[in-house]
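Take a look at the structures below.
Across the two complexes that follow, chain A remains constant while its partner is chain B and subsequently chain C.
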Partner chain A sequence: MKWQRWAIPASALPVLVLLGWGLTRDARTVPSPLPGKAAPDFRLQTLKGDSLSLTSLKGQAVLVNFWASWCLACRAEHQVLLSAAKRYSDQGLKIVGVVYEDSRDNARAWIAERGGDWPNVLDVGSRTAIEYGLFGVPETFFVGRDGRILYKQIGPLDSAVIERWVPKLLATGGSAASADTFAEGRSAGHVPTRRP
Partner chain B sequence: MNGVIGHGATLLALLIAGCGAAAAFVGGRRGDARLVAWAQRAGIAVCALVSLAFLTMQRALVTHDFSVSYVAQVGSRATPLFYTVISLWSALEGSILLWALVLSIYTAFLVRWSKRHAEPGDPQLAYALGTIFIVNVFFLLLISWPANPFRSMNPVPPDGPGPNALLQNSPFMGVHPPLLYTGYVGMSVPFALAIGALLAGRLSPNWTRVIRRWTMVPWTFLSLGIVAGAWWSYEVLGWGGYWAWDPVENASFMPWLTATAFLHSVMVQERRGMLKTWTITLIVSTFLLTVLGTFLTRSGVLASVHAFTQSPIGPFFLTFLALVLVGSLALLAWRSEVLQSEGRFDAALSRETAFMINNLLFAAFAFVVLLGTMFPLIAEAARGVKVSVGGPYFSQMTVPIALLLVFLAGVGPSLPWRKGSLELLRGKFRWPTVAALLMGVALAVAGVRAPLAWLTFVLAVFAVGLLVVEFVAPTQARHATTGESWGVALWRVCRSNPRRFGGYIVHAGILVIAVGVAASATFRREQEWYMAKGSVEPFGPYQVGLDSVWAQHESNRDGVIAATTIYKNGEVFTRLYPRLNYYKSAVEPIGTPAVHEHLREDVYLVLMAYTADGSHAMIKAIVSPLVGWIWLGGGIVGLGALFALWPGVGKSQPRGDATAATPRPRARSVSEARV
Partner chain C sequence: MLRRWPLLLLIAWVSVAAAPLAGQIPIDSATPTRDPRFEATVREVASSLRCPVCQNNSVEDSPSLLAQDMKKEIRARLAAGETPDQVRKYFVSRYGEWVLTKPTAGGFNLSIWLLPFVALLAGALVVWVAVRRWVRQGDAPRPAAASGEATPGDGATLRARKAALQASLQDLEAEFAAGRLDARDLALLTERDQTELNAVNEALRNVKKESTKPAARASQPVSGFGRWSARLGWAVALGAFALVLVLSLRGSVAARSEGGVITGSQTASAAPVEMELQQTGPLDSLRIAQLEARIRRDSTDVPALIELGHIYLAQGMLQKAWLVDTLAIRLQPDAPSSAEAFVHIGMILWSQGETDGGLKAIDKALYLRPELPEALLYRGIIYFAGLQDMRAAAQIFEHYLAVAPPDANTARVRAMLNAARQAGAGK
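What follows is the complex of A and B.
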């Protein structure tokens, strides 16, 4: 049968097209429905004992950073946050740490050792972590002045991510929805820590 | 210097492999034995040059020559020598270098074999050599360009990060990848032989036998490599499991399935001249699946725990895959007339039928695994959603197939060729059926309430019983006629047909694995405690006591070790030391579980976390019944394959025999004569 001679090799084409298309994708990108949406609000107690809510920071660019004292990757990331705070705080960048699955004493000792003057709130019962769909720590949400999440980083921040997203974050408008949102964040080579 | 030698050797090898391919194809077309002889020489030269490149890389690693890019990537002065040596295959470029080495060694063996057993002018051989050279060219192209491990570093770093922490954590990494690669890469040889036959337009019975023998060797290594990988996963990863249906695991398993199907269907082809197209399709698919598997897991198309860092080799692999896939499909479609069946099925109740069902099951198994592996990609292309396909899909789809295969592993060998009679089968099936029924009742009485596990055990006992009958009946006959002692009679019977009885030993090994998998997956228990130093927690029949937690510094890592004592019936059963290791190249600690191994059940402890003052620790304990049977079964499979491959008396073939048109008359074993 003549047609078989062509049909059989041709049947490989769809598979090859699929694989070729696959090459243009990054399998490790973890999608999240959150970027582009309003950041879930929270009202939690800070390590110092005051109360802090996300709405109280409305109109400002905020990094909501989930961390824990038992998380090793958070230690390296803390240096990145310290330098980001130093560089961008006078331009209006706020950082809020959310302590995940940890005790107040451990978190306080950790901050006392490593520095950082931004507020850290204690997420008792992990309610906020659930609202944010946390994979593990560290994870950071870039919340714009309009209260929407511009970008989500899974795994530790590095200076390249800061340089790329913080200027965009500071440029977000007061209430207009930003079109330039992006779901990214790689767990490449770094599986987010879960509490054992 | 190392970089220059290594890169130079790969470039020269690439050139020679290219010339070898050209010489082989032209020589085959013209029937020019001299050109083919040049191709044979080229094969030896490629092997020598790739070995030189490999040894140069090894020297660069051992002497910490950080001017070589790969050494700067995976080397470290603090890494112990053993791990420095095996770090050669701890990252992408090095693993492709290992691949090229194994391939070139196979090529050299193929050349050596062809000089002894084939006419150099034989087009089948010439085209086979040409095909394997093309595969060589592809991998040498990868290591000379996109995945070049010999690039020079400027400035030269003083030290490196050391190999992947998981690799440094267990000596198993010295065994598992080389075994697996020897199996995986070796599938190129039967592929080349099959393509040679298709291109030459004939497939002689002897050529089929040659392909089968060249498949047996990589099949054995692949089997051992897969079991060693499962064992590594069990001993290192700390989850107490050994198989997770990860894309890389599937990539090694799919070619194993199709190669296993091939090894069965080829027997039908040899005996009856049937299923030729199917058999050749299986061997071609096996090679295609190795290339596809490597592409899927090395190009970043699928996410996997094994995936190496993103690399630019994806498009290269895709091009190669497209070439091989379209080329071999076209050949199969255009040359199918040379693969016409000679025999016909005589009866439904025959060994041919068992082989047919076996092949359908293996093909279905491979398809199910392939679909599950590719599904995330298909789903994203079709619906734009990210999905992951996990254990439940694979278990649901593969367990019924696996159970049928367990059943066939015993029944198949009991069926005679052509046509079986019910009377004969009644005799053979009597005792195994009784044994299986007794086992079923005993398990039910003992309280086994998991239907799938129960069924696996009963079927395995039945199948092992049938295999035992296959050994006992001819031994009995020989003992009765020759008066030899039982042991001598058994040995002589087995050696009279090593392929047949080796195959049965392999079947027994697979059955042992099946029992181990069913038991450990069904009856595994685990528990976790936050324990204070000195406390004891009950765990089934055991008690787990935490004695102390301390830290220990080693050259390449820092370890935190928990000392525990396991008690049973109030007495000390064993002491275990699970630990967490901190490596320079890893952000997170890597655990080393401590395992008390026993054929009945393993006790497996993991140190999950600890307090800095060493007063408390989080300990996870797992009990896996019969998990050791999987490794034992792997060993039996290896022994059986070795037995089948071991050259026996009268096995050496005269020169030119491989291309002879008529098959040699086969010595019939006592058992076959009886049947």
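What follows is the complex of A and C.
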């Protein structure tokens, strides 16, 4: 009957381990299944009226930035995007804004006030937002030259995130490279090749 | 009004009839179909998916725009012939397992489904073992006397009974000697007591034997070593539990920082209002009276209006402050002197929860007077405590410290700047 003395402490141990594991995790972070996968394509109307698809940007490093004019955090983030565009556009970084749950007029006025010469598309019906598993705005997807999502930023971008991920994004391989290719550290200046 | 009905009907009919013709419009749109079984499936799938922008709400129950759009997507996919499981799979591929209101039974998730049953089984086992032990105790042969009179529980009652029997035997001898008892009765009674005494003595020996045996029966207290090892086990388990608690709740358990609030990492939004209230002096009511008199004489006295707005705000009289500041702005909307009024408006808006409007007003103030310290200060506070954009807040506070003359606020701004830098670096 000696085992009975140890039964309670012994059965408490797995509970403790689970508790320790669970409590040290941030309950608010939701792991996204998208990084490492191909970025969902979209063909949407820009604020200017012409149509734009993600496929047309294949072979380039793209920031797909979901925003809305009613989103306060997007204001501060816009400054970060402006400086990222200034710093990295000559290295081939493209930015595409996706306007989420917002009207064309509001979005136009917002851009007119704050600047930014990258295209912004209207996601009427939130189909693209759902395709990208959007939780809210702002959210930004770092799409590599191979068309895969390298990183997903939930919440506003800041310059630290830009400096950490954009160089990696620019270094992504042009052809159907695996996600591991990023670790090899290709030079940022290499000529992108289009996927057939 | 009635005459318009035919026209309305015609429009309705045309739009319904034309809908399938327009190739661009999928059948799925917002309008539910008439098939109740299909609608039930839509509802079933929608309630099995979590709304991403809500707190603990399913897509079916959420009124949010995104949830409605998701429901449209569900309807479209079901209409296109996908099974409910395929639709769920699609959403899982976009949002992860998180999106399911009911976690799938597989892998680690299996524990959620199995643990309740494991706990139930364990409880049943505990009850079974306990009941069996009680039953065994009840059946155990009692070291009771043959006469069945005594049911000796423990050594103490046995010893008491033994003493009583011995006393009784002595009494019998005394009665006999005194001639109150004949020899036949003495023999009978002595034999009765002696038999019971023997039985009690036997029972006492048994009790002694059992208590010296190490952990003889489960109902007996465990021996020294067993007791100590069990205690050690409990101490270790409790210690581990405390460690886990302290490690995981360290942030909440830590001492509150200067100016911190009870919610820990959240920054206090009440701080700026307090700061304003602290700046009031005893002469303020006198000054208010003077300024109010000036405005009564000339309601377009903008400097008086703005100064009054400042004092009202400092005293927490937000409505009055709002009144005089909006008046000043209406009189001179684009004069640099109105910049302060815009700052006050901004602060009032922000204190009412209108962060956006507050920032706009302060931006306007900075447009009128780019280096107005008050505007920089409050802009910084809104970024610091409201938007919690520590990077921007730090920049604004640096700007403030560079342009503002040192005063009572300088130390506070320094403190906020440090906090903002730390929070910014910690991100």
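In this section, the second predicted complex is superposed on the first by the 168 of 196 C-alpha atoms of A that agree within 3 Å, B and C clash if a C-alpha of one lies under 4 Å from a C-alpha of the other, contacts with A are read in each partner's own complex, and residues count from 1 in each chain.
Going forward, a residue touches a chain if its C-beta (ideal position, glycine included) is under 8 Å from a C-beta of that chain, and two chains touch if they have at least 3 such contacts.
Since the model is a prediction, treat every value here as computed from it, not as a measurement.
> So, does A:L23 touch the first partner chain B, the second partner chain C, both, or neither?
In the superposed model, A:L23 contacts both chain B and chain C.
> Once the shared chain is lined up, is A:A73 touching chain B (first), chain C (second), both, or neither of them?
both
> Between chain B (first) and chain C (second), which does A:A12 come into contact with in this model arrangement: first, second, both, or neither?
After superposition on chain A, A:A12 lies in contact with both partners, chain B and chain C.
> Which residues would you name on chain A as touching chain B in one complex and chain C in the other?
Chain A residues touching both partners: 5-6, 8-9, 11-12, 16, 19-20, 23, 30-31, 72-73, 76, 156.
> Under the touch definition given earlier, write down the residues of chain C that touch chain A in their complex.
Listed in rising order, the residues of chain C that touch chain A are 52-53, 65-66, 69-70, 72-73, 91-96, 98, 122, 215, 218, 222, 226, 229-230, 233-234, 236-237, 240-241, 244-245, 247-249, 355-356, 359, 383, 387, 389, 391-392, 427.
> Under the touch definition given earlier, write down the residues of chain A that touch chain B in their complex.
4-9, 11-12, 15-16, 18-23, 25-28, 30-31, 70, 72-73, 76, 156, 188-191, 193, 196
> Under the definition above, what is the set of chain B residues touching chain A in their complex?
Against chain A, chain B makes touches at 295, 299-303, 307, 309-310, 314-315, 318, 321-322, 325-326, 329-330, 332-334, 374, 376-378, 380-381, 386, 587-589, 608-609, 618.
> Where on chain A does chain C make contact in their complex?
The contact residues of chain A facing chain C are 1-2, 5-6, 8-9, 11-13, 16, 19-20, 23-24, 30-34, 72-73, 75-76, 79, 101, 125-127, 129-136, 156, 158-160.
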